[in-house]
Amino acid sequence: MGGNTFGNTFRLTTYGESHGSSIGGIIDGCPAGLHVDMEEIQFNLDRRKPGQSAIVTQRKEEDKVEFLSGIFDGLTTGAPIAFQIKNENQKPKDYSELKDQFRPSHADYTYHEKYGVRDYRGGGRSSARETASRVVAGAIAKQVLLKYGIHITAYVSAVGPHKLSKSYLELNLAIAEQNEVRIPDKAFAKSMIDYIKSIRKAGDSIGGAITCVAKGVPVGLGDPVFDKLHADLGKAMLSINAVKGFEYGSGFSGTSMKGSEHNDTIKLIDDKISTDSNWSGGIQGGISNGEDIYFNVGFKPVATIMQDQNSIDTEGNEVTVVGKGRHDPCVVPRAVPIVEAMTALVLVDHLLRNRTMKL
Amino acid sequence: MGGNTFGNTFRLTTYGESHGSSIGGIIDGCPAGLHVDMEEIQFNLDRRKPGQSAIVTQRKEEDKVEFLSGIFDGLTTGAPIAFQIKNENQKPKDYSELKDQFRPSHADYTYHEKYGVRDYRGGGRSSARETASRVVAGAIAKQVLLKYGIHITAYVSAVGPHKLSKSYLELNLAIAEQNEVRIPDKAFAKSMIDYIKSIRKAGDSIGGAITCVAKGVPVGLGDPVFDKLHADLGKAMLSINAVKGFEYGSGFSGTSMKGSEHNDTIKLIDDKISTDSNWSGGIQGGISNGEDIYFNVGFKPVATIMQDQNSIDTEGNEVTVVGKGRHDPCVVPRAVPIVEAMTALVLVDHLLRNRTMKL
Amino acid sequence: MGGNTFGNTFRLTTYGESHGSSIGGIIDGCPAGLHVDMEEIQFNLDRRKPGQSAIVTQRKEEDKVEFLSGIFDGLTTGAPIAFQIKNENQKPKDYSELKDQFRPSHADYTYHEKYGVRDYRGGGRSSARETASRVVAGAIAKQVLLKYGIHITAYVSAVGPHKLSKSYLELNLAIAEQNEVRIPDKAFAKSMIDYIKSIRKAGDSIGGAITCVAKGVPVGLGDPVFDKLHADLGKAMLSINAVKGFEYGSGFSGTSMKGSEHNDTIKLIDDKISTDSNWSGGIQGGISNGEDIYFNVGFKPVATIMQDQNSIDTEGNEVTVVGKGRHDPCVVPRAVPIVEAMTALVLVDHLLRNRTMKL
Amino acid sequence: MGGNTFGNTFRLTTYGESHGSSIGGIIDGCPAGLHVDMEEIQFNLDRRKPGQSAIVTQRKEEDKVEFLSGIFDGLTTGAPIAFQIKNENQKPKDYSELKDQFRPSHADYTYHEKYGVRDYRGGGRSSARETASRVVAGAIAKQVLLKYGIHITAYVSAVGPHKLSKSYLELNLAIAEQNEVRIPDKAFAKSMIDYIKSIRKAGDSIGGAITCVAKGVPVGLGDPVFDKLHADLGKAMLSINAVKGFEYGSGFSGTSMKGSEHNDTIKLIDDKISTDSNWSGGIQGGISNGEDIYFNVGFKPVATIMQDQNSIDTEGNEVTVVGKGRHDPCVVPRAVPIVEAMTALVLVDHLLRNRTMKL
């Protein structure tokens, strides 16, 4: 129970440090009989991989996934699905001087204290490289969900102080994937790309936000009380590196609303029970109600910057930490597939769990 | 796995519907040897109970807790601690007409569809009455944490569109408990009490926000990757009825910041490793770093309002739902002890888990 | 995680000490829509309760179960089912002198060391009284299983060195419930009743064995590798007080057999895949194959005897422990419903889990 | 939750089929700071590997383990420990004709029905090859336990109907590893080797039993009620391929004993609380009492034999299954390190869990 497993029924356990030989994971509980689309999995990995555009880290990693078990003749067998991504771009020398330094707002100090031992190379286990494993598992989860008509789409909705003014309903989400910042608005995307470049030029980094929408979720997913669907989604998002906040439906803006404004009145549309508004974000009492599920995820700026910063070393001496390496000036463009993956893991888990609650 | 258990090592399972004979729970994994302060538990329950002031629901419930096991001669024995709160104010007649109606933004429809069977009396299992059990367990968790010097304080930081302008560092949090809206600022508290009264007079409800601070948390709590401390805190908060959002440290405002602003540079103060700023909210890489942990929780307006609303019944007929009963115009004053309780459950769980990660 | 929860999907958590105010539990994950037969539950409790015949303990306990939640209008709602059995026959004075003594082969010493605190009254949490809660939950599990055509029957197959010579296939199991020792052979039952009486007269106790048969289990229950159906059954049985051994199908006698004898050759009977023999005990590769599941459970003699025994007290002084109170001379007659209950809990858990493994 | 994870706090998840590219696993929750002895791990794997002697399967597998994460500069870091064993001796052609046949007493039919899809090559996931992963994890667990003075030794105590007449106390267990059948009695070992050879010559297989002893286990491991130490040991053993029975301490022979014989009277030896006899097998009330823990595990004969057997194919046609391949005539010599490994996994899990039960 070292915190490396996610999910109850569809369960992912990941392993690997940024500068070990590989990263990967094991999925246990994937239903048998799914024809796995390998290209789709690699497509999602490519959306996350370093070096994909001019506004992300220029590290080179191919991020090719290899499956080791659980798939036979193209079909899932019900056995655990193990997979592996080799680390090709290991440059341990880059990090040798960080061995005894604690980088500000990194996990260096907390890991050092918690474990007494630390793999200091590139953040080790705390590196966001681990999220590639989530993308693999999430891509399989998405394929299960697709069989049930559930589609998940995430996009960048803010970069630093600049927010998309339109809601997801007013946007053509398909456009997001056509630009390197993954914003479903061409003009805004262009200006944000320029903005991120200016941040990088300054040796700095900037935060941002991602919005995610799940359509076609059937009524009934989520469990009451502690495992409410949005509580599990919130934990999933907050477990992603650099995430600082989560809100669903009306979110924090709902705190300013009155009940008479916020309540989603109910009506029949084509014999289907629907709501007029959807401030509930598709979830009532912790259980999906058949409307779109949507939520926002806030990311802090990446901690590694190309500027000198004050810190101390493991002996307690004052040191100046000098930024090095190849890092993202803004994490959100590459985080889009991670948000989708974690959403898929939560939904597939509850899809399967929901099968057990009626006689 | 119906979603009624919280925690891994210190584990709470709750039961009970708002209009059954009682609610309660079982705590499994509470360390032996704690001298339980019963008055402190009841004090926390009283902070949550209905009818405590003019701005909350006027339902009458004594909310007296009775312990059934796990405590002997005043000490926890390591055996499961079961407890029970009788439901004294059952008025099933109030709800009979809701049997076949789906109230807007309630869990009526989703429970009906998920289970096929529904205890319609007062929301049944979906009622916030369940949170009284969390307060009991959280009060015990707090007492364990106190032995390790950990203090948790929550307060109301916004009511509707009105937000406290000061951060927790600028406030005397002890004042919060001295007014019925639990705001640590006398003037603002007074105006918010008036505001809530005006909302109630209009038969409406309003949202709000709570800020929570945990002081004295040792370095090392939280597990990397999926069980990050803030991810578990986020799930805990989002599992509370009416919560729509969670943010910790810089939160959503951190998305607008640059790395050079947001990074918490490290220094020694009295031989203790500390940070200059605390945008990290006391958590780095998912693990507590010894600084204050603080976060905000956003609540929507209560769904039950004293106004007519459109809906449908279980047969698909259009109906007008008429608000009745005695409900809170604003949920946040009574939610303060619930936020504290869930925070305590997360921290005590990770305090115990952390004991297992070094040889 | 103090060890008081059983099951994954259909999950029982129990509480209570033998001399507290009550014992009971919470079932989480019971499917909604089951019409609960309360008389059937009480019937199973009565099979376990003290004082039911001349060969069991003469303690008086009515063991009336009360349900607190999760059942509405006679139907399970999907909400947690809490239940309670009051302890009516508390005689704490009986045990006051055991406060500082460790009874041989009891849990006194191990609890004392593990927790530092001990509820010494009648064994506290280690008392077999806890199993009444399992019988309640198991009786509900049985009712779910019956909906799927699964029947569970256990009976006493050995008392001390005296073993029933016939296999379950050669016996009319319905007879077992007609005599107080629960042996499905009238003559053997009579002689065993006399034997147990002679043991009690001598102030001693004696071990025994129970055989359990589950019929109608569909193909597919059980998960490979660690959660094999027989592994979960074995854990379930070994968790019952006084159990020393578990064997299924051919069991330990299978260790003496050759593969050519032991293999269950496969054939079609009425278009159903069946086996000629059933040394596999209805389970192959950890998964049920549709044949009868059967197994044996061995119980040690009850540790409390009416004879003086050497021991020490908490100060390390030598003491003579003097047997007192009203105890069973042989535990197996009352353990029959407990074995059935734990079998039902395992089978219902895997019945529900199995719903998630196909697309 | 497909059944491929074992343990709560020290948790092993395994993957891999007998004829996939590799098998392996992830250990989560191993304490940081353990200096891993790689040779010791390989030594344990070599004790399990095929081809090690004339009385086991002559398949060739090097079974070299490679670690992928969680160990840095020779020390465990607290991060998940992933490992991999390549399958070198894949001969899928051997199995092509089994594609549509159900071998008697194998998992072919049950997997086929449960999943609808089956990796028929050499048993796929149901192959005992999976146990190599358990040996790796168990070898690490053993190294943690050694730090706390806990030693585990298993040996073969029966082959077919031939049982070692002496108890573990009368034997020099160190001798077991000196002969290929792993029996700590030279003369009996020699005769059993001859016996197994005769069984193989006849194209048949034979069952057997293993006894395991754990010395130095501190008082206090195990949790009451459902997670009794022996219940978890029983599940662990029963999860090993071909195991049919488990008994600890007096075991099934204890069912014939009287309480006055079976009770372990308590005394002080050198200020340590000890028992005169040890029928309890070192566990009272589910919790270790500091005495030796010992238990027996019964194995059925291997199902694959070199004789023709009746069965049916997936179409329901009668077929004759012809034994092929290279299989063990008796499984117990190679199962000794597996029994030790699973014992270690249970003990280390409870060692860590026990740290959380006192204030």
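Just so it is clear, A, B, C and D label the chains in written order, and each chain counts residues from 1 on its own.
In this text, a residue touches a chain if its C-beta (ideal position, glycine included) is under 8 Å from a C-beta of that chain, and two chains touch if they have at least 3 such contacts.
Keep in mind the model is a prediction, meaning the values are calculated, not measured.
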{"item": "Greatest separation from chain D - chain, by CA centre", "value": "B"}
{"item": "A-D or A-C, whichever has more C-beta pairs in contact", "value": "A-D"}
{"item": "Where chain A and chain D are represented by their mean Cα positions, the distance between them in whole Å", "value": "39"}
{"item": "Between chain D and chain C, distance of the C-alpha-averaged centres to the nearest whole Å", "value": "26"}
{"item": "Length of the line joining the C-alpha centres of chain A and chain C, rounded to whole Å", "value": "46"}
{"item": "Sequence positions of chain C contacting 2 or more other chains", "value": "1-5, 8-9, 14, 29, 32-33, 76, 78-79, 111, 114-116, 125, 224, 353, 356-358"}
{"item": "Contact footprint of chain B on chain D as seen in their complex", "value": "9, 29, 31-34, 76, 78-79, 144, 147, 224, 352-353, 355-359"}
{"item": "Complex contacts: residues of chain A adjacent to chain B", "value": "1-6, 8-9, 14, 102, 104-107, 109-111, 113-116, 125-126, 130, 158, 160-161, 199, 204-209, 219-220, 222-228, 230-232, 234-239, 244-252, 254-268, 271, 273, 275-276, 279-281, 284-289, 296, 298-305, 307, 309-312, 316, 318, 353-354, 356-358"}
{"item": "Parts of chain D lying in touch with chain A, wherever the complex brings them together", "value": "1-5, 8-9, 11, 13-17, 20-26, 28-30, 32-33, 68-70, 72, 75-82, 84, 111, 114-119, 124-125"}
